[in-house]
Amino acid sequence: MVGVSGTELQEVRTEGIKAVPREMRISKRSRRKRRRFTAVGLPVIAGLCFLALWEFEVFHRLFQLRTYQLPLPSDIAKAIRDHVDLLLSYTGYTLTEAVLGMLLGSSIGFVVALLAAAWPKWGSASVLIVASLNAVPIVALAPIMNLWFSDGMGSRIAIVTVTTMAAMAINAHKGMNAVDPLAMDLMHSYAAKKLEVFRYLRVAGSLPYVFTALKINATSSMIGAIVGEFFYSSRGLGYLLSNSIKVAKMPLGWSCIVLAAVAGVIFYFIIERLEKWCIRWHSSQRT
Amino acid sequence: MKESGVFLRERLLPIVVWVLGILLVWEGASWYLLEVRQIPLAQSKLPYIHEIAATFTTYGGTLAKEGWVTFMNAAYGFLLGAAAGSLLAILMSLSKWVEQLAFPYAVASQMVPVLGLAPIVYGIVRDEETARILISAYITFFPVSLNMLRGLRSVSPASLELMHSYAAGGRTIYWKLRFPASLPGLFSGLKIAAPLAVTGAILVELMGASRGIGVIMLRNLYYGPSHVYMFWSTVVVGAFLGIFCYVLISAVERIAAPWQPEFRNKGGDG
Amino acid sequence: ACGGNNGSSNDSGSQPSANGGGDGAAGASETVEVKLQLKWVPQAQFAGYFVAQEKGYYAEEGLEVEILPGGPDIVPEQQVASGAAHIGVDWVASLLAHQEQGLPLTQIAQIYQESGLVLVSKKESGITSGADLKGRKVGNWMGGNEFEVLALFDKYGLDSTKDLEFVKQGFTMDQFLAGELDAASAMTYNEFQVVLSEGIAESDLNVIDMNAEGVAMLEDNLFANSDWLSGNKETAAKFLRASLKGWKDAIADPEQAVDIVMKSVEEGSTSRDHQLKMMTEVAKLVAPEGFDLNNLGWTDEAMFKQTADIALQFNVIQNEPELSTAFTNEIVEMARD
Amino acid sequence: MENTMATILPEIDIDRVTMKYRTDASEVLALQEVTMNIRQGEFVSLLGPSGCGKTTLLRIIADLIQPTSGSVQVAGGTAREARLAQKYGIVFQNPVLYDWRKVRENVTLPLEMMGVKKSERRHRAMELLSLVGLEHAASRYPWQLSGGMQQRVAIARALAMEPEILLMDEPFSALDEFSRERLNEELLAIWSQVKNTVVFVTHSIPEAIFLSDRVFVLSPHPGRLSAVVDISMPRPRTKEMRQSETFFRLIAQIRGSFEGV
Amino acid sequence: MENTMATILPEIDIDRVTMKYRTDASEVLALQEVTMNIRQGEFVSLLGPSGCGKTTLLRIIADLIQPTSGSVQVAGGTAREARLAQKYGIVFQNPVLYDWRKVRENVTLPLEMMGVKKSERRHRAMELLSLVGLEHAASRYPWQLSGGMQQRVAIARALAMEPEILLMDEPFSALDEFSRERLNEELLAIWSQVKNTVVFVTHSIPEAIFLSDRVFVLSPHPGRLSAVVDISMPRPRTKEMRQSETFFRLIAQIRGSFEGV
């Protein structure tokens, strides 16, 4: 009981107010260092432990897996070393598709949310329609987009666009509608036009939701691009991955996954930094 | 009496207009591509709506049956995924420590496509049904988790202080404050996840199932343009399942979290 | 009626563990469960198994066979190795690649005697021989299906990375139909028929046949999990016996075979017509002219070696396979008795 | 003569306004048949027990909600037209500051919306912030202020745009007596310069008397106009008047017309 | 005046408490070396201009924030221990009601946390709601209430748990004079029964005098204790005392120790 409340108390201190507690005042710098350690060092150490357990086949024994189902890190590392140029260029290719598609999809989703919030009666259905597109799987999207945009990068960008629209539309719509009704009244009292209500209130108010959507999209765009490449692409991580796994080159396949994961995590954390910077004012950020 | 009239006018009318509008534009564009531009594979690119409708009359039974199978698969995956996602969000919000430890890996895990995941999951659980549910849960959990985490984290400092003044324990704070406050976020996560669960179910059906909308989808693609209307029917069924799930979640939201600003009626008689 | 239902009928007793069951236990009364993983969706390509199932040949042998559909994301070798199935169907080159990676797999029968893979092109592209492919855009599904085509390129001295554009082809023929590909890979029994059914006359098409070019590799086979096999040879033989019987029936009476296949196929996903064409074409590959149907299932060491050699040449595998473990004719022999 | 003309013109004309709120279970009759006229340039106060409908009335005047029945005319047109013409400046009962804007930017908000130049905006904002005693807090975020400071920011924001009609909902309730009295005087000073119409909600009878030309008293359940009191004290009002006999008489008079919760 | 031995025990002992807030740009010295003792069962008020640190001090006593330096002892232990022992009931400056709970459930919240039985909780909640005049609004949502009504819900919530130490931050500022005076009396009645320690922040000097045993006056920039005034009026306090000479003398005395914003 006491212990639990102790951690809660910590939260008041860090989350509630910018108090300068006595015992921490002297060590501002060391605190920052410690925070950086927990943000970077901890996952790295955990990752290394995880890798070690993996490498020494502890997981394999635990779950009765074989190396042809889950190759060892050393083999994956070797595959990466052997194909580093190819892998890097493919990572760039796939990442390009993901980022472009994600930007396009998120923008469209955001605009849909804007319209839906501005004209609720007529616009709400558009969120619904965009959401329903999310129920069309990539296996079906791939052939359609291939027909429309040929087998180049365009078709994957289109796939990623379609798969990222919904998250943004739904979240941004929620964020724009969740603004304080009194804040809306203030805008009305200024006779703010629809556009101004968005500019001054709704967009800022929805930012926490928008960034959550961007974070979801950062990951789903990567996987969308990868799976999109399974079917028609002759380049990219997804192409190499599906090919390698089908011809039993598991280590090479997994090196694609590793690179995708690294690229995806970096993409994700760039967005998270952006979020920290953009919504410093939000209560979830008052550390 | 008056209420149902308002409902018809305010909610149903726009939807009807939208649907009709989309159908008309689609049909027109399809005609344009096929008859005016005469591009190759025009019907594969954008088929006639009436042809798709025709397949619905012939194969409506099959589509409904397989759609139901997919829906049930999606429901299982969704339930498990939503539960796992919320749990992870709660764990991460409980301590920054867990978050910083788990988060990069949660993100990284999303980069493993089912193709790479399947052998592992099959290898571990050795049961197809379980493996399928696990895989579709894996696809749905992430948006739920992120949205709920945001909700859990953004309770207002003042309401948190009220809890502290009661010396509320961690669990109580969750139950009485953080959880209700995170419901709007949770629900928008669920709205993203619900159609995604349909995608997940379809994807999983391609992992060797013999029933479900995904199965017909794949087979009709494979057998060529002569099956294009049936393929598009399956796409339509998928989209409808998505709409259905979305509407379902929205309805639950209205019951479970009715206090949100968007549900408040503003003064007057409105 | 088909075994394709993915129901959860597989209780733990049917797990294909290495030492599970054993032939002794498979008495007359108890049915033994066997799961067959197809390479692709249920269709006439796999008619023999459906016929055996429908006509009760498996049941007669005391087997309860479940036929698992394949798909674009399914690797039968992985399924069999991980225990999701006991026996699988794939192409020999893919099998070799997986064997080399240490997956415990053994080929127990060769069903297709010839390659069904062709390269189709429209007459107007003027591709009459492999040499004409230079500078063209050629498609294949990749992922283990591409080696015959690579061998063809090699035969004509073409480097697939420099002399032409060798690209991934989806599981539809849309790219070819839309004119994006100069030459597309096609199976005689499916994709080629799809092209024809789009109203393109056979006379308007050029076809490069892998068999004729001498770069054919062995295709649909049957392979089993080695660990399972060592304890269940009798079961495997029973399975094979019934399957071969099914295949013979299918070839003897394609119409009936297609009727049976159609029961396993979702309504509305394919037509009987198409499956009938497929069956006719498949029959030509399973039993080419002059083939003695009594040899059905027998793996010809010379053909197997040719396949392995091509595979080796294109780095599908790094070392020459140990033929004695790669395949066995023992089960076929047992099945014949 | 011009001057008297102006006072005859009814700037805000509230005619038999009734407001019902619907809740899940029941209906709340917040206002019933309220009729009042406010002249141009007049300073009026609304007094009444908690929950009697003062805020509701203010929001109806500002066209933020529509009455169930009755009509509101503002400056010869509808309330809507007045709002769209940006005639209103409002201080809400809660400060309603935008979290993502620092204090200064919160004050410049209405100026931005009216297209005032940036340098001008900042200048004006700092002027008003120093009027309410907050120039030192200009670059803090709202949540770094005390309750009273937040309310003062909201006041500065409403004054920034020099609105023709100023609606203030208990603006000074979170302030200590001294700040309150000082701001009362500042408000009167500004008002006498700008000559705008002010509708002022307060719970302090002395404050209402000190500031207003007329005081409207509302009674609760349902909200009805129960008294209108003319404040016949000369302008400019001075501190000393607070001690005058008229003042005390008015206090007593208004108290008398009042019913508690 | 000193009625029992309870008054000897220091219930809240604030010793040279200093509080600095860090903002992006600078530091705000909200409290500087504030020392005060509050006896058990005592009713004290904090007065001071807006932004002088009253809320900050209250939050420090309640262990919601930690002072930069100095110490707080409550009932012989630390503030933390007192908080964990659920000794505090707080009325915040804003109502802080939970949106998802109806009015009644907002009031029962602290009772739920103390494990009071359901029927008992409802009963108690309705009792308190009728005390603050809100029994008719029990099943509305907070946003369906007027500002003053919300504040009254918060008061009912704090009283529901009969806390040993009651901290109230301008609880009555959103109320009209009549409701306010009525609630002042109710509060005193409850206090004289429960005998809890009350720290009461207000901007109304008469209110502080009417309610308190002692009044602490804070001065701003930085917040320091500038005066402690003993209210030597007998208890129970009556309406008539508000007109007494002592009362006016005390008002004048406190005004004198006060500096405006």
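Should a chain be cited, it is by its letter among A, B, C, D and E, assigned in written order, with residues numbered from 1 in that chain.
By definition in this document, a residue touches a chain if its C-beta (ideal position, glycine included) is under 8 Å from a C-beta of that chain, and two chains touch if they have at least 3 such contacts.
Chain identities (UniProt): A, B = ABC transporter permease; D, E = ABC transporter ATP-binding protein.
Predicted model only: the values in this text are computed from it and were never measured.
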Furthest chain, CA centroid comparison against subunit D: C
Chains most often in contact, by C-beta pairs: A-B
Interchain centroid distance [CA atoms averaged], subunit D/subunit E, Å: 28
Approximate Å spacing (C-alpha centroids) for the pair subunit B (ABC transporter permease), subunit C: 36
Centre-to-centre distance between subunit D and subunit B (ABC transporter permease) (centres being mean Cα positions), rounded to whole Å: 48
Inter-chain centre distance, subunit C versus subunit D - centres from mean C-alpha coordinates, in Å: 84
Touching two or more other chains - residue numbers and ranges from subunit C: 72-73, 75, 78, 82, 171-172, 174, 178
Residue numbers of subunit E (touch at least two other chains): 21, 23, 63-64, 84, 94, 141, 143
Where subunit A (ABC transporter permease) touches two or more other chains, by residue: 1, 5, 9, 12, 16-18, 66, 69, 139, 143, 147, 180-181, 230, 242, 245, 282-283, 286
Residue ranges of subunit E touching subunit D (in the complex, touch as defined): 21, 23-25, 28, 47-51, 54-55, 93-94, 133, 139-141, 144-149, 152, 169-170, 173-180, 182, 203-205, 255, 258-261
For the subunit B (ABC transporter permease) and subunit E complex, residues of the former touching the latter: 156, 158-159, 161-162, 164-168, 172, 176-177, 180-181, 183, 257, 259, 264
Of subunit D, residues touching subunit A (ABC transporter permease) in the complex: 59, 62-64, 83-86, 88-90, 92, 94, 96, 98-101, 109-110, 112-114, 141, 143-144
Residues on subunit A (ABC transporter permease) engaged by subunit B (ABC transporter permease) in the complex (per definition of touch): 1, 4-5, 7-9, 11-12, 15-17, 38-39, 42-43, 46-47, 50, 63-66, 69-70, 121-122, 124-126, 128-129, 131-140, 143-144, 147-148, 166-167, 170-171, 174, 177-181, 208-209, 212, 215-216, 218-220, 222-223, 226-227, 230, 238, 241-242, 245, 253-254, 257, 260-265, 268-269, 282-284, 286
Residues of subunit B (ABC transporter permease) defined as touching subunit A (ABC transporter permease) within the complex: 10, 14-15, 17-18, 22, 41, 44-45, 95-97, 100-101, 103-105, 107-116, 119-120, 123-124, 142-143, 146-147, 150, 153-157, 160-161, 163-164, 167-171, 173, 184-185, 187-188, 191-192, 195-196, 198-199, 202-203, 206, 214, 217-218, 221, 231, 234-235, 238-243, 245-247, 260-262, 264, 266
